[in-house]
Amino acid sequence: MTEPNALLTLKNVTKRFPGVVAVDRVSLEVYPGEVHALLGENGAGKTTLVSLLYGLYPPDEGEIFWRGRRVRIRSPQEAIRMGIGLVPQHPLLVRAHTVLENLALGMPRGFLFPTRGLEARIAELTHHYGFRFDPHAPVWQLSEGEKQRVEIVRALLQGARLLVLDEPTSVLTPQEARELFKVIRRMRSEGEAVIFISHKLDEVLEVADRISVLRKGRLVGQVTRAEADKAELARMMVGRQVSFERTKPPARPGEAVLELAGVHVTNDRGLPALRGVDLRVRAGEILGLAGVAGSGQRELVEVVTGLRRPERGEVRVLGRAPWSRRRARIAHIPEDRRRQGVAGGLDLAENLILHDYGRPPFARGPLLDRRAVYAFAREQIARYRIDPPDPRTPARLLSGGNLQKLILARELHGEPPLIVAVHPTYGLDVGATELVHELLIEQSRGGAAVLLVSEDLDEVLALADRVAVIQGGRIVGEVPAEAADRERIGLWMAGVGA
Amino acid sequence: MEDWIWTTLVRALAFGTPILLAGLGEIYAERSGVVNLGVEGMMAVGALAAFAAAQSSGSPYLGLAAAVLVGALIALPFAVASITLRANQYVAGLALTMLGLGLSGLLGKPYEGAPLAHPLPESGFVVAALVLAVVLWFFLRHTFTGLVLRSAGENPETVDAMGINVYAVRYGAVVFGGAMAGLAGAFLSLAYRPSWADGITSGLGWIAVALAIFAAWHPLKAVGAALLFGALYHLSYRLQAVVSPEFLKAMPYLFVVLVLSLSALRRGPSGAPEALGTPYVRGERR
Amino acid sequence: MRRIGPFLVEKDLVVPAGRLLAVSSAALLMAFFAAGLVFWAYGTSPVLAYRTIFVETLLSPSGFAEGVRRAIPLLLAGVGLVLAFRGQFWNIGAEGQLLLGAVAAAGVALFAPVPAALKLPAMFLAGFAAGGLWAAVPALLKLRLGVNDVLTTLMLNYVAVYLVEWLIHGPWRGRTAFGFAYTDRFPEAAMLPLIPGTYVHWPTLALALLLAGAAWFVLARTAWGYPVRVTGDNPEAARYAHMPVFWVVFGVALASGGLAGLAGVGEVAGVHGRLLGAYQISLGYGYTAIIVAWLARGNPLGAVLTALFMGLVFASGDVMKVALQMPFRVTDVFNGLILFFLISTERLLYYRVRWAPERKER
C-alpha cells in the first residue's frame, strides 16, 4: 500500500482549476529526517500542492496518507493538528501586532491571552535554534529573515513534524540563506521532515536529500542528491535544454542618461529611505541594482520616475528633472503589475495609451480618435503576441505573462532613452522571463539606458553590465559585471564591508 | 460655578451615552474588518422596538431586551451582504440605514405621541455604558477571542491560515455592533425622551461611526470622545439664548467634520485596522 | 467551478448585458417582495398596495407625469453621482448640495438685481456654483487629509438642512401660514414653465437629458474623461501614469455637487416657487440619486432609465400616502430594500450558470 516508515505519502493526487490541471497525478513520499525538495518553475504546480497539503482545498482525485493512514485534510486546522507546518513565501503575520500576539494566534485557546507558559515555550525554542528576537517587538519592525524565523517557531510550537518551506530564500541575502540551511540541517538531525520548495537549482542541490521535479503539474523526475546533475535537473524543469550562460552583445556605453547626486528621501512613514545616493546609468548599458527588500529601492524608483521628489540632492534624466513638465520619456516597468501597471477594468487598447492619450495620433484636440487607438492596439498585440488578442478585452483578464507583455508594449513604445525595470520577471515562467530579458538587452544595445532593480541576484548577474548594491538607503558598492563576485555582493547586501 | 461644571458633566454623560454605546459596537465591528454604516438605521429600529415592547407590555426591561434583539437581527442581513456576499460594505450599510429609518418611521406611526408609561433612569444606561467600555477594552486586549477579533481586521489571511473561521468572527462582531446600536436606541426611547417620534435618532448613529475613527478604535478613548461630543451637545443648548437655534443644531455635525479632520492631521499612518472595508475572500491559490 | 444539481456554476469575469438585466431585475423583484412583507406588517394588503401603485402610477397619465417630474432631480443628481463614483468620490451629500442649489436660486430670485430675462440662467448658474462649493469642502478634506468622504458629505447634509431652516425662519422669512415657514413667492421671471396639464418643468428636464448625454460623451470619448476612468478604476495606476489625480477627483466632486445643485434650482423654481422647509424641497432625492447612479452602473445614459424608474417609485410613495394612508417614509423602505438587494446580488453578475446534467457512468 504505502511505503513503510514514510511520514507523508501522496498517491496520484490531482487538482483542477477552470481551464488547467494544476496538479496532475502526483505521487511521492517524504520520510522523517529527510529534506525533500520540490523543484519547478513558476506555474509548475508547487504552490497548489502545498495548498492541498495545508487543507485549503481537497484534491479532485488521489489519496494522501499520513503515517500510513489515509487522511482527508479538510482545513488548515486539521493540517496543523496532524503535524504539518507551513512557512509561506510571504509571511502570514499581523504586522501591527507583536511576535507574541502572532504566535498566540496559532495556539490552542485559553480564555485569556497570553496563555500561561507560552512565553516560556517560545524562549525555549528560540534558544534551541539560536534565534534571537524579542517576543514583544511589533512584527512590522522585523526584517524579512526574522519574520521567517517567527513563522518557523510558530510551526514548531504547533508541533509540526513536517515543515513545508515555500520559496524560503526569495527574500533572504545569501548569508541569511546559509543560516536557514543550518537550521534546516539541525531540524533534520532531530527527525523533522522538511519539504523545500524552490525554483533555484543551486540551493536545492546544496540542502536537499532527495529532489522531485515538477513541470506543468506532473512529477517528471525524482533523484537523490548523489544522483543529481544540474543540467539534467534544469532540463526536467523546463523540458528542453537550458543554457546557463546568457550571451549578450558587448555594451558600448555612451553619455550618462540618468544621474543621481546626493539624493535624500524620506518615506511615507517619515523615516529616511535614501541617504545620499549617487548613481549614474549611461546610454547603452544595463545597470543592475541588487539589494534585499526594503533597502530603499522603492523610493529610488519613485524618485527616478518622477513620482516623488527628494528632500535633498539632484535627479536628472537627460538633463531634466523627471517630475518636470517637459521631462524626458521614461519607461517604467513597475514592481506590482496589477496594482500599478494597469487599469484592470479598462480594455487592452485603453491601457496601451495610458501615457499618450492626450496627444496625436490618439487624440485630435480633446476628442479621442478611437480608430487610431484600436489600430495601434492591434499592431502591438500582434507584435508581442498578447493573448487574448481582442483589444477590447478587459486588462484584468490577462495572465501575469501577458500583462507584462502589455506593459512592455506600452512602455517601450517610442524609443524611451531610460528604462526602469523593477522585478520584471517576478512570477513569470521561463518563456516570459526569457522574452523580458531579450527585450531589455535589445533596448539597451539600441541605445537606451536600463536600470534593472531586482531582488533576484541571479537575474541581476545574468543581465547587468554593471552591478550596484543598495543597502540601508545607500549605494554600498558598484562593480562591472565580470568582476562581480556573489560572495562579496551578498555581504554588501547584508550591509557588511562596503 | 462648580454647579455649572457638574451639570455640564452630567448632561454630557447623558448625551454621550447613546453615542458611546453605538460607538463601542462600531469599534468592535470595524476592528474585525467591517465598516457598518447602518448604525443609524439599527438605532432607529432598536428605539422603536424598545418603545413598542415597553409600551404594550408595561415592562421597560422587556423593551430593553427587544431593542438588543432587534438591533442584532437587523444587523444580520447587513452581515450576510457584506461578509458572505462580499458586497460593498459602505453601500450595504447605507442601504440598511435607509431601510431602518423607513421601517421605524412606517411601523412606528401608531406609537407616536404618547409618552412612555414607565421610563428607565438615564443613569442606569450611563453606568452600563461606562462599565461596558471597560469590559470591552479588557476583552479586546487580554482575551484570546479579542486577539482573534483584532487580527481578523488586520490580516484575515493569517487568521484563516491558523484554522480560525474569519467569517464567523466578523459575523459575531457585526451582530454585536447591531445589538449595541439597538441598545443605544433603547436609551433614546426609554430613558432620554422617553417617547417615540420619527427621527428620534437625529444622526447620532453617524456620529457614533465618526467616534470610532476619532477614538482610534480604542474602547477607553471612546469614552473621552463621547464625553466631548456630549459636552458639545449640552453646551449648544445652553447657548440657545445667544446664538440662533439652527446654528446650534448644526454644530454637532460640523464638529464631526472638524474632529475627523483633526484625526487625519494627528497621525501619520491612520492606525485603522489594515483590512478595514475589504471583504475577505479565501484566495484561490494556484 | 461548482456543481449544484444539474447546473454548473463557473466564474466569468465578463458580464454580458443580458445577465446584467436579469440579475438587476431579480434584485428588484426581491425588493418588491420584501416591501410587500413590510406592507403586510403595517396592516396594508400588499396586493392592494401594488395594484394601486400600478394603476395610479403606470397606467394613469397624470401619475406617470408625476413620476417624470420626480425623475428630474433624480436624473440631475444621479448623473452627478455617476461621475463622482467613477472618480472614486463617494458623494453621499447630494441631498445637501441640492438644498444649497435651492438656496442660491432663491437668493437670486428674490434679492439679486438681475434683469428678468437673465433671472433663470443666473439662478441655474448660482445653483451649480453653490452645490459645487458644498461638495468642494469634503473633496479637499479627502484629497489633502485623507478624511473619509462618506462621513463628511453626509454631515454636510444635516448642516444644509439647518441652513435652510435658518433662512426661512430668519432673514428670508416671508409669510407664515399654518405653522409652516417659507419665503415669499418668486417673481414670474424666476419661475420655470410647465408642460401644460402636468407639473413637469420641462426646461430642467431638457437640461438634465442634455447633461446626461454630455457626461457620457466626455467620459467615453474625450481626453478629459479618460483620466477620470483610469482614476476611478485604479488610482494607483493613475498616479503611476503621472495623471493629475487631485484635479480629476476635485473636478468630479465639483461637477457632482453642481449637478445636484441644479436639481435644487429645478425644485424651487419649477415646483414650489419659493424656498420651503428642507424636508419639503427634497424628500430624499439626494439619497435616492445614489440608487439611480448605482443602478446605472457607471453609465450616465443609463441614469436616464434608472432615474425614471426611481421617479416612478417616488410617485408611488405619493400614491400610497394619499390612497392608502401610509406615511411617506414608505419610500425609504423601498429605497433601502432596492439598494440592499442590488448590491447583495452584485457578485452573481460574475458567475455563469450552465445546464449540464451529470451523466451517470458505470
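To keep things simple, chains are lettered A, B and C as they appear, and every chain counts its residues starting from 1.
Simple rule for what comes next: a contact is a pair of C-beta atoms (placed from the backbone, for glycine too) under 8 Å apart; a residue touches a chain by one contact, two chains touch by 3 or more.
Each chain and its UniProt protein: A = ABC transporter ATP-binding protein; C = ABC transporter permease.
Not measured: the values here are computed from a predicted model.
Enquirer: Tell me, which chains sit next to both chain B and chain C?
Expert: Of all the chains present, those in contact with both chain B and chain C are A.
Enquirer: Counting contact pairs per chain pair, which pair wins?
Expert: Highest contact count among chain pairs: B-C.
Enquirer: Taking each chain's centre as the mean of its CA atoms, which one is most distant from chain C?
Expert: A
Enquirer: Express in whole angstrom the distance between the two chain centres, defined as the mean CA positions of chain B and chain C.
Expert: Taking the mean C-alpha position of each chain, the two centres sit 27 Å apart.
Enquirer: Taking the mean of the C-alpha atoms as each chain's centre, how many Å separate chain A from chain B?
Expert: Centres of chain A and chain B (C-alpha means) sit 43 Å apart.
Enquirer: Cα centroid separation between chain A and chain C, in whole Å?
Expert: 46
Enquirer: Help me check something: in the complex, which residues belonging to chain A touch chain C?
Expert: On the chain A side, the touching residues are 18, 306-307, 332, 334, 339-346, 350, 353-355, 357-358, 363, 366-368, 370, 394, 396-397.
Enquirer: So in the complex, the part of chain B that touches chain A is made up of which residues?
Expert: Going through chain B, the ones touching chain A are 142-148, 150-151, 154-155, 157-164, 268-269, 274, 282, 284-286.
Enquirer: What does chain B use to touch chain C in their complex?
Expert: Spelled out, the residues of chain B in touch with chain C are 37, 41, 77, 80-81, 85-88, 90-92, 94-103, 105-107, 109, 198, 203, 206, 209-210, 213, 244, 246-247, 249-250, 253-254, 256-257, 260-261, 263-265, 270.
Enquirer: Write out the stretch or stretches of chain C touching chain B in their complex.
Expert: Residues 38, 41-42, 90, 92, 137-138, 141, 145-148, 150-152, 154-156, 158-159, 162-163, 165-166, 169-170, 287, 290, 294, 326-327, 329-337, 339-340, 343-347 of chain C touch chain B in their complex.
Enquirer: Help me check something: in the complex, which residues belonging to chain A touch chain B?
Expert: 17, 20, 22, 43, 47-48, 51, 54, 56, 75-78, 80, 86, 88, 92-97, 101-102, 104-106, 109-113, 115, 268-270
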